[in-house]
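Labels for the chains are A, B, C and D, by order of writing; each one numbers its residues from 1.
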Amino acid sequence: MAYFNDIAPIKYEGTKTKNMFAFRHYNPEEVVAGKTMEEQLHFALAFWHTITMDGADPFGSATMERPWDLEGGSELDRAHRRVDAFFEIAEKLGVKYYCFHDIDIAPTGNSLKEFYANLDEITDHLLEKQKETGIKLLWNTANMFSNPRYMNGVSTSNRAEVFAYGAAQVKKGLELSKKLGGENYVFWGGREGYESLLNTDMGLEMDHMAKFFHLAIDYAKSINHLPIFLIELKPKEPMTHQYDFDAATALAFLQKYDLDKYFKLNIETNHAWLAGHTFEHELNTARTFGALGSIDANQGNYLLGWDTDEFPTLVIDITLQGWILMHVRLKVQQPSLKTNSCLISLKNVIVHTRRQKLVNLSKMEQQLLKVLLLMLLSMGMTSNLILTT
Amino acid sequence: MAYFNDIAPIKYEGTKTKNMFAFRHYNPEEVVAGKTMEEQLHFALAFWHTITMDGADPFGSATMERPWDLEGGSELDRAHRRVDAFFEIAEKLGVKYYCFHDIDIAPTGNSLKEFYANLDEITDHLLEKQKETGIKLLWNTANMFSNPRYMNGVSTSNRAEVFAYGAAQVKKGLELSKKLGGENYVFWGGREGYESLLNTDMGLEMDHMAKFFHLAIDYAKSINHLPIFLIELKPKEPMTHQYDFDAATALAFLQKYDLDKYFKLNIETNHAWLAGHTFEHELNTARTFGALGSIDANQGNYLLGWDTDEFPTLVIDITLQGWILMHVRLKVQQPSLKTNSCLISLKNVIVHTRRQKLVNLSKMEQQLLKVLLLMLLSMGMTSNLILTT
Amino acid sequence: MAYFNDIAPIKYEGTKTKNMFAFRHYNPEEVVAGKTMEEQLHFALAFWHTITMDGADPFGSATMERPWDLEGGSELDRAHRRVDAFFEIAEKLGVKYYCFHDIDIAPTGNSLKEFYANLDEITDHLLEKQKETGIKLLWNTANMFSNPRYMNGVSTSNRAEVFAYGAAQVKKGLELSKKLGGENYVFWGGREGYESLLNTDMGLEMDHMAKFFHLAIDYAKSINHLPIFLIELKPKEPMTHQYDFDAATALAFLQKYDLDKYFKLNIETNHAWLAGHTFEHELNTARTFGALGSIDANQGNYLLGWDTDEFPTLVIDITLQGWILMHVRLKVQQPSLKTNSCLISLKNVIVHTRRQKLVNLSKMEQQLLKVLLLMLLSMGMTSNLILTT
Amino acid sequence: MAYFNDIAPIKYEGTKTKNMFAFRHYNPEEVVAGKTMEEQLHFALAFWHTITMDGADPFGSATMERPWDLEGGSELDRAHRRVDAFFEIAEKLGVKYYCFHDIDIAPTGNSLKEFYANLDEITDHLLEKQKETGIKLLWNTANMFSNPRYMNGVSTSNRAEVFAYGAAQVKKGLELSKKLGGENYVFWGGREGYESLLNTDMGLEMDHMAKFFHLAIDYAKSINHLPIFLIELKPKEPMTHQYDFDAATALAFLQKYDLDKYFKLNIETNHAWLAGHTFEHELNTARTFGALGSIDANQGNYLLGWDTDEFPTLVIDITLQGWILMHVRLKVQQPSLKTNSCLISLKNVIVHTRRQKLVNLSKMEQQLLKVLLLMLLSMGMTSNLILTT
């Protein structure tokens, strides 16, 4: 079943085009700093922002009805339609990578066993699509924050069976990563933190979190599939304080528990802002410790204290961030941006949707997209602020 | 159907009691500054925080299963059970007031007509309970923020039919206020604001909001029931900017559109903090303009940028707030105060004292501290932070 | 005495120029939206940021030695040298307006009388320079925050003699405004606010502040020189809370005390950010109430809680701000940006100074300057995001 | 010369006293949790907050004239008078420790040599006073932030001679620490950070900072005096970002450069708040990494983004902080606390308790509350917020 028949694949048509469904700046074949833009910018599409998001917020129910959710049948039927719609968008966008949480792709069912079976069925479909399109899995992760069982944490929970359930989800996640050829595996500790220190032994909980990660490393080794483990940093929300507060906090933890050899950091702009840092600061800190793994390039609102995941429009911020990345002289693995893979989570960047009154891409937005491309140019770049319009 | 048979009505048992279900300081009959504590502190219980709240947050589904929601039957059956449970709690607490949003008490059904009918049926039940218990309606309000229709505002929406639908909800709300003897009627403009100024004409939207309020005033006059109209202030969340940002902003709006004679302000601690003010500042501003209407006495977390609605535990904050209220010399109407799950209504709290540099605790301030303890107490409060003078 | 002999007047040389001392975008004669850039953008130079600033901060002493301060002689000699240096810079920049605090231009001496005499002498020199260069006084103001006497406010001080001393400074300021043909007169209430509400009667202090302003209006009328009175908004710093917190707060105050006919608002970006608003929000609020007076176009740092007064580099912010201004349809006085004068405080914008390592103006900064020009286009502009590069 | 003849030494007089110059709760001889209050709370007095502070702020000049500064003579004469006044206050308060920056106690003169000579003369006087009163040096430090030479950092400066000058100040500081028997030596990197990443190589600067610290360790060993090295954390102000942002950031740095064996952390409440943490969080983080060194127990204002160094009055915060400290099981060295005008040194405060959900106040917590009152008391404290259990 196709959902976007009326939209042709998005091509580069240069800055003069009036076609809303065209790249004005991103030209996959154009060589920038010795590599094509496609080699420089490994865009990856986020399954959840693209397909499952319904527009609800803490004060209101869903505001979006997605076509693939309106055709009845079982939850598994819907899951299959979602995979088709996702790869249709990815292909039309020309994106080469994607990422997902386990519960994004498959219904959780009524037991872990049922959830495992649903995951097996849907990942078969994903594998088929990967082969068909050439699109690769950048990373997968376990959603260990939406189910009420994780209310007080996963590895830092005060209940052993919750620690175990989380470990089971990660175990399955690593197996699926191997099955789908995932290059990284992400841990986002949205519930690993505290609401109040009055009922929290931070040292004990950190010991447990380290134990959880070491178990994951051991299991990955045991199945001969050790992807780069990425910690996604976020200081707060939903918890009052989250143990992966910022780059330095995660690095202090990783060093203390001899985990730094296996883990790098996944840095998101809006999360950096919530921790009181600029995005370029967090990139710089990770780079300084040789721990820059992946980037969720979005934007928040400095005046709001919660995560808004907006499309990046602050030209100077992006340029600064690009500037940092251009000086990426990573000592350890010499991972250029290409090999260690980086994720730009592009939320419906190009596809025009009926829902909102899209202001025509003006001159400013054209320059923005151009600058956005510069953001992730690889190692060895020398010139300082390069802005080609 | 009773839900709390095993809990006796909560009585005052003094500071030495070990009974978790007893007041240590709140003694309804004790006279403080010329009135009993009950007369001084008009606690009101919030229907939604007490009965419908299920513990969900933006990153996770519900974590609470309330007994009155687990007995099947129709939505109206559940609504009736909720009314019974609510009044059972209120009576056991000895609370004399309550407040609700329309969708808290009755199912919205599939049409405005059906919603009106459900509201009529449930408010009959509420009226019966009010007569049975003597508990009075402090205020009611229309929830004009959860339904997707209100995604871009109510009176400031860019769609006329949304303006009309909101007006219909307020019209019904005023009729129910008359039916139930409501003393105030609240407007919380959670969606009256903007996400971006790029698609917003703030002046036009304010004109519409003023028109909406004038319509409400005219209708209230037409049915001979003009309660005190209260604007609940909040600077943001869910919108990027909300037009009732803080006390001064609402006062500038009310004065500009000749609404200040009909409106007072409902001030909540956590909302004041999100606007970059202390609670006592907002109380002071409202008092200075003769517009102090009602208080939602809760607490947030200064380090978090979203609304957490916590029980007030910061003794010095509460004392400061009380100190401000002691200076409340209200001319026109009697303000009332609602603690976060109940509103404290402080009518003519204490006499205005001259402006002097207070060092030693005067007799007046000792009584203030007594009154202020109340703001910390509710059922089962075992606060270990007891402040005795 | 000349200080910048080696720097020729700054001319527009187009975007290709390599001359650091040239405008690449600001072409005074170029017509934009029906007026020349010069008519559209009434740049004014701030005496204090340009001449007296010495680079000290709360943790360290001065880091700049200005040539005009190093030639000995009396304080008055230095004051005269400063006037010469200032007009030399202003002329070379092609700026047509300037503004000052009283203590910027003349030594305060040992008594009010001596201060008055010094002001008379120096303003003779200023008048001579104004006639010589055609540069006009946009606004002057009294510095009523640096002297320890103003520690607890001016009109809101708890000492009558401080209220009087402040009034004397404003009286003299209005006379100088008349002498120099000032178009506006500014009030910045840096000390009008409180550290703690425990020793503050906000209502009483606001009454006194209103009285102070009415006295100023009466005096201005009595000497037949009633410039536009501007309130410069700032929420905090140095005080914990300042009574001109943001546009809405000032408007609520002005309306309450019937001052809105005489006062408009002077809005600074960094101060808006400190109040939890965007600059464009404050411009929009002022415009909506017909109270947009003047603009201090700078930038702060969203992650810092104090005033940093940085040069505006956030292209999208400036564009948004320009967008707001282009829709200035002021009802009351129909003051377009031209008549009611606007101040862009340009701090050493162009003149290259030895002190800092100036990064070459890249393509990005060229676009910035172009966009900065758009920021203040006057009424009637229709196109949305106009960015000409 | 005595300055406080009319004030008798401050004694414990119990809660009923009306004497403004008496302790109501702090009874040095009273045993709490197995030790006297004096042994539990090693108050230390800060030379600069107590003697040299003059009340200036970024917008206004000094507002205080201290008697010891008004008696003329040379700068060295004034320095000697300051030492006498300081020890007079410390003795009357019964404080047993003190701390200072080098430039607090001695004039810097016109050369490093002259500064060294002045330091030698004044520290002879300090040593004499230490012997006379029994008051000991908790820590000393070098002020490497006020002089313009440190504008761009000390060890992270872009000028080698500034690195060297700073090292010379620390060398002298370690010698004075030995001479005066200092137990700790503090490094506050107020200028070690950046204003913009555009002209900053964070990795290189951190390498230099680590080198600087290793040089200090080597020198301390060479003179047989290796006090506990303390890093005072602060996230910003004066710099945009400071490299000792918070506990985790400092720990990541110390671990990366093998410095964690020699350094512990000095944690100040207001600085923790500026980093977006609670004070108890930072104490907990330091304790978890075995790096809790010393505490500056003051308070800021959550709504202000700069350091206000206020006396701690938030009872619940202090109790939380105390609760954390009760769990302080320090292996290596003893931490000490300095209240804002004096540091509270809490050595092995109380016994570690297992992790349980505490509701009723145990015996231990009642004693905690007793100890925590001390943090509110100093001479003349007339706190109307007295918490008696």
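Assume a contact is a pair of C-beta atoms (placed from the backbone, for glycine too) under 8 Å apart; a residue touches a chain by one contact, two chains touch by 3 or more.
Remember, predicted model here, so these are calculated numbers, not experimental data.
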Original post:
Common contacts of chain C and chain D?
Top reply: A, B
Original post:
When the C-alpha atoms of chain A and chain C are each averaged to a single point, how far apart are the two points in Å?
Top reply: 45
**OP:** Find the geometric centre of each of chain A and chain B from their Cα atoms only, then give the gap between the two centres in Å, rounded to an integer.
**Re:** 40
**OP:** Could you list which residues of chain D touch at least two other chains?
**Re:** 198, 276-278, 303
**OP:** Work through the pairs of chains, note which ones touch, and then classify the graph as line, ring, star, complete or other.
**Re:** complete
Original post:
Which bits of chain A are touching chain D when the two form their complex?
Top reply: 197-199, 201-204, 206, 235, 241, 245-246, 248-249, 251-253, 255-256, 275-278, 280-281, 284-285, 287-289, 320, 323-324
**OP:** Using the touch definition up top, name the residues of chain D that touch chain B in the complex.
**Re:** 273, 276-278, 302-303, 313-316, 319, 359-361, 365, 382, 384-385, 387-389
Original post:
Along chain C, where are the residues that touch chain D in the complex?
Top reply: 55, 57-63, 145-148, 150-151, 190-191, 236-238, 240, 274, 301, 303-306, 357, 359
